[in-house]
Amino acid sequence: MQVGIIGYLGKMGQELLRCIEENDDTCVYKKDQDNEILQVHPDCLLDFSIPEAIASSCKKALVFQCPLVVGTTGLGNQHVEMLEKTSKSVPVFYSTNYSLGIHCLHTMLASIQKQLKDWDVGIMETHHTEKKDAPSGTALSLQKTLARNCPIQSFRLKGVPGEHQIMITNQNETIHIKHTAYSRKVFASGALDCARWLLSHKYENGFFTMNSRFKGEQNETNNTTNH
Amino acid sequence: MQVGIIGYLGKMGQELLRCIEENDDTCVYKKDQDNEILQVHPDCLLDFSIPEAIASSCKKALVFQCPLVVGTTGLGNQHVEMLEKTSKSVPVFYSTNYSLGIHCLHTMLASIQKQLKDWDVGIMETHHTEKKDAPSGTALSLQKTLARNCPIQSFRLKGVPGEHQIMITNQNETIHIKHTAYSRKVFASGALDCARWLLSHKYENGFFTMNSRFKGEQNETNNTTNH
Amino acid sequence: MQVGIIGYLGKMGQELLRCIEENDDTCVYKKDQDNEILQVHPDCLLDFSIPEAIASSCKKALVFQCPLVVGTTGLGNQHVEMLEKTSKSVPVFYSTNYSLGIHCLHTMLASIQKQLKDWDVGIMETHHTEKKDAPSGTALSLQKTLARNCPIQSFRLKGVPGEHQIMITNQNETIHIKHTAYSRKVFASGALDCARWLLSHKYENGFFTMNSRFKGEQNETNNTTNH
Amino acid sequence: MQVGIIGYLGKMGQELLRCIEENDDTCVYKKDQDNEILQVHPDCLLDFSIPEAIASSCKKALVFQCPLVVGTTGLGNQHVEMLEKTSKSVPVFYSTNYSLGIHCLHTMLASIQKQLKDWDVGIMETHHTEKKDAPSGTALSLQKTLARNCPIQSFRLKGVPGEHQIMITNQNETIHIKHTAYSRKVFASGALDCARWLLSHKYENGFFTMNSRFKGEQNETNNTTNH
C-alpha cells in the first residue's frame, strides 16, 4: 500500500511512519504545517493532525481520488460535515480510537447492555501523566455504549500507554473487562488496517466508522450455543 | 413464590433453601432419595439432583401443573428428551450454569466471535480442590461459544468458588474478561430468578434456556454509538 | 476452642457464630447490649461491637483470665490505652482487619516500599453500596504502609464484599496487586485464627497485632534466590 | 554514559541501541560475531549475546578496565565461574531478567513466603508465540523464590511481550499479583540502569545481582505500620 500522511511530524504521524516501514508499505506523500513532500499519488490518505487541517485534507483526497482515513480528535460539527460531503466522492473513514480491541469492548458492552439492568457498573481508566484530560474520551464513549450514567474513575500514572477496565457487579458475582494497550502503535496499525479494508472495497464511496466496518460481524448474537 | 425442591439434601439443595429463606419465598415441598415432605402444591419445582431423578421430577411437575427448573448436570440425551416432552404440558427451563454473569460472558463472546479471527484466545479457569473434573464444563462451553479450539488451562486451588478468565490478544493490545463467583449462592439465586421469570409468563409451555430467556435483550447490537 | 463473643447480635457477631459452628468450636458465652448468656468460662473472648463496650470487655477478660481479641473499629486513644493496660494481665490482640490476605498485602508493600521510589502508585477499592465511608480504612492503611501520598479511588457497587487493588507503574511495565474477599467470613475466621494463635502461646501476656503475629516470618527477605 | 555492546545485532542489542539513543548516552564500542567497531574505550560493557561469547567479553572488560553487565541466558557453571573470576578485577553484574518490576515480584513473594504455608499458589505466564520454551525462566525463578512446588501454566498467544501472574488462594479470599511488560525495552532500560548503578560505585569490584543491588532497600520489612 502506498500511503500519504497529513501531520507526519506529530506523535501519531511518526508512529504511522514506523508502522509503514515495518509492514512493507511505503509513504509516498507527507505533509505537515510547513512541509509537503510528494513522490507519487498515494493509494490512501491518513490524517492525524488538527481540526483546522480537515478542509485541506478533504481537498487532497479529492485531488488524489483516494480514500481518506481520519483520526484527528476534537472535530466540530462543521468538520464532520466536510468529511460527509467528501464521502460522496471518495470513501471516508472516521474514528477517534482505531484500536480494534477497544472496538471489541464496545461490541461486547452493547451486546449485554439490556441484560445489565439489575447490575452495577464502574469504569476505571489509567493513562500516563502527560495525558491532560480526564476521564479519557474512550471511557466516556464506553459509558455511552452502556447507556447508563455509571461512575468513571481516572488514574494518571507514569508510563501507562492506556488501560480501560469495566467492573460489572451483582450479588455474589463480578465481571471484570480490561483492555490494555501496550503502545501507541496499536492506534497507528489499527488506522492502517482500516485503510487496507477501504481499499479492498474499491470504488465504494461513503462515510465509514468502526461500527460500519464490523457490522456484518456483530449482528448475529442469537446463534450462541445453548448452555 | 412457593417453591418445591428435588434434591434438597444436596449442596445445591441446601443453598436453595438458604436463598429461599432470605428472599421471603417459602419451600412448600421437598424431596430427596428417601424423604418427601409436601405441605401444599408449589408454584414452581426446582431439580438439582441426579440424572436418575429426572423421570420422577417430570411426573411431579405434571401432577403439580407447575413449571420445572432443572440444574442437574450430566444429563444424557434420554433425560433431555424427557424434559422436552414434559415441556409440551408445563414450562421447562434447563441450564447447567444459572449464573447470570456467566451468561453475560457467553453473550459478549458470541458478539465478538467473528471480529476475533486474527486474534489469539486462551481460557483459564480456577476452582477449589474438591472439583474433580478439569477443564470445567463452563470453560468448555465458553470455548464452544467462541467456536475455536483455543487452549484451556485449569488450576485447582484451595477455596476458590469459581473464576473464569478469557485472554484475547493481538499485536500491541490485550483484552482480559474475568468472571468471579463469590459463592455457590450465585447459582441458587440464578435458578430462583429463572423460576420467577417463568412464572411471570404464566401458561406459556415450552423448553427454555438462558439464551431463550435473554433473547429479546441481546439481538440488537447494531444500535451501538458511533465511536 | 470454647469462645465468648461480645456483640453477638451484630453482623460480625453472627458471622463468628456461623464460623464457630462450622469449625467444631463452641460458643459458651455471648453478650450484647441487653443480653448476657454464660454457660462456662470461655478460653478466649472476641469483641466485635462498639467502642463504648471496650471497658466492659476488658473487665470480662480479667474475670475470665482469658485472651481478648478485638476487632471493633473506630477506637479512640482512650480505648487503645485500656487495651494496653489489660494486656499486662492477659494477652490482647487488636486489628481492624483480620483478613490474612490483607496482612500479606501490607507485608509485600512494606518489602518493596523503598524500591518504588521512581514508580507511580494508585490504589483502587470497591465495596458494596451499604458501605458508607470512602476510602476504606484498609485502603488508607495500605497507603500508610507505602509511605506515600498516592491517589485512592473508590467504587461503591452492588454485592462486592471487598476488593482492593494496587497499581504500580513505570516506563514499560506495570504491577497489579489485587485482594478479593469472597465474604465477611474471611474476617471472622481470621479473628478466630488469631485467637487460636494466642492460645498456643499460653500465659504470654502482651499487646499483639497482625505484625507481631507474623514478625518471625517476615524479617528474612534477604534470603531470596539469586535471579 | 559511554557504552559498549556485545551482541549488538541481536534483538536485545538493537533494543539497547534504541534506548541509548533516547537517553543521551552513546555507544562507543560494538561487537558481534563478525564485526567489531571501536571508537573509544567505553565506561561500561553490556553483553546480551550467547554463552560462547562470555570468555571474550570478560577479556574485553579487563582490557577496558570497565564494569561488565551480562544478560545472556543459558549460561553454564563454567561461564558463571569466568564471570566470578573477572569480578575480582572489575565489577560484574549478572541477571537473566533486568526488569525492575520482576525484581519487585521476587522481593514481595520472598517477604510473604512463610506466611503462605496454609495457602495455595498457582503461577500463570503468557508470552508471544515466538517464545519457544515453556514455562518461562522467570516463572521458574518465581517458583524458586516461593520455595514450593506450585503449578505453573503457560499460554503462548500472539503479541504478548510478557505477563506473569501469581494467584494465591485461601478459604474466602484470593490475592492476584500480576506483572505486565509492555515491550522488550523494559529489559534493555533495566540493564542500562544497572550499569549506571555500578558506575556510581566506582572501583568497587565484585559480583552483583538484582538482590545485591536492592539489598539495603529490602531488609527492613519489620517497620510496617501497625494495622
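Here the chain labels run A, B, C and D in written order, and each chain numbers its own residues starting at 1.
One rule holds in what follows: contacts are C-beta pairs under 8 Å (C-beta built on N, C-alpha and C of every residue); 3 or more make two chains touch, one makes a residue touch a chain.
Computed from a predicted model, the values in this text were never measured in an experiment.
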item: Which of A-D and A-C has more C-beta pairs touching across its chains; value: A-C
item: Chain of greatest Cα-centre distance to subunit C; value: A
item: Whole-Å separation of chain centres (CA-atom averages), subunit A against subunit D; value: 36
item: Where subunit A and subunit C are represented by their mean Cα positions, the distance between them in whole Å; value: 47
item: Junction residues of subunit D - those touching two or more other chains; value: 159, 170-174, 180, 182-183
item: Subunit C to subunit A touching residues, read off their complex; value: 119-122, 124, 126, 129, 151, 153-155, 157-160, 163, 167, 169-174
item: Residue numbers on subunit D that touch subunit C, as the complex places them; value: 95-97, 99-101, 103-112, 114-116, 141, 144-145, 168, 170-183, 185-186, 189, 209-211, 214-227
item: Touch list for subunit C against partner subunit B, complex; value: 159, 161, 180, 182-183
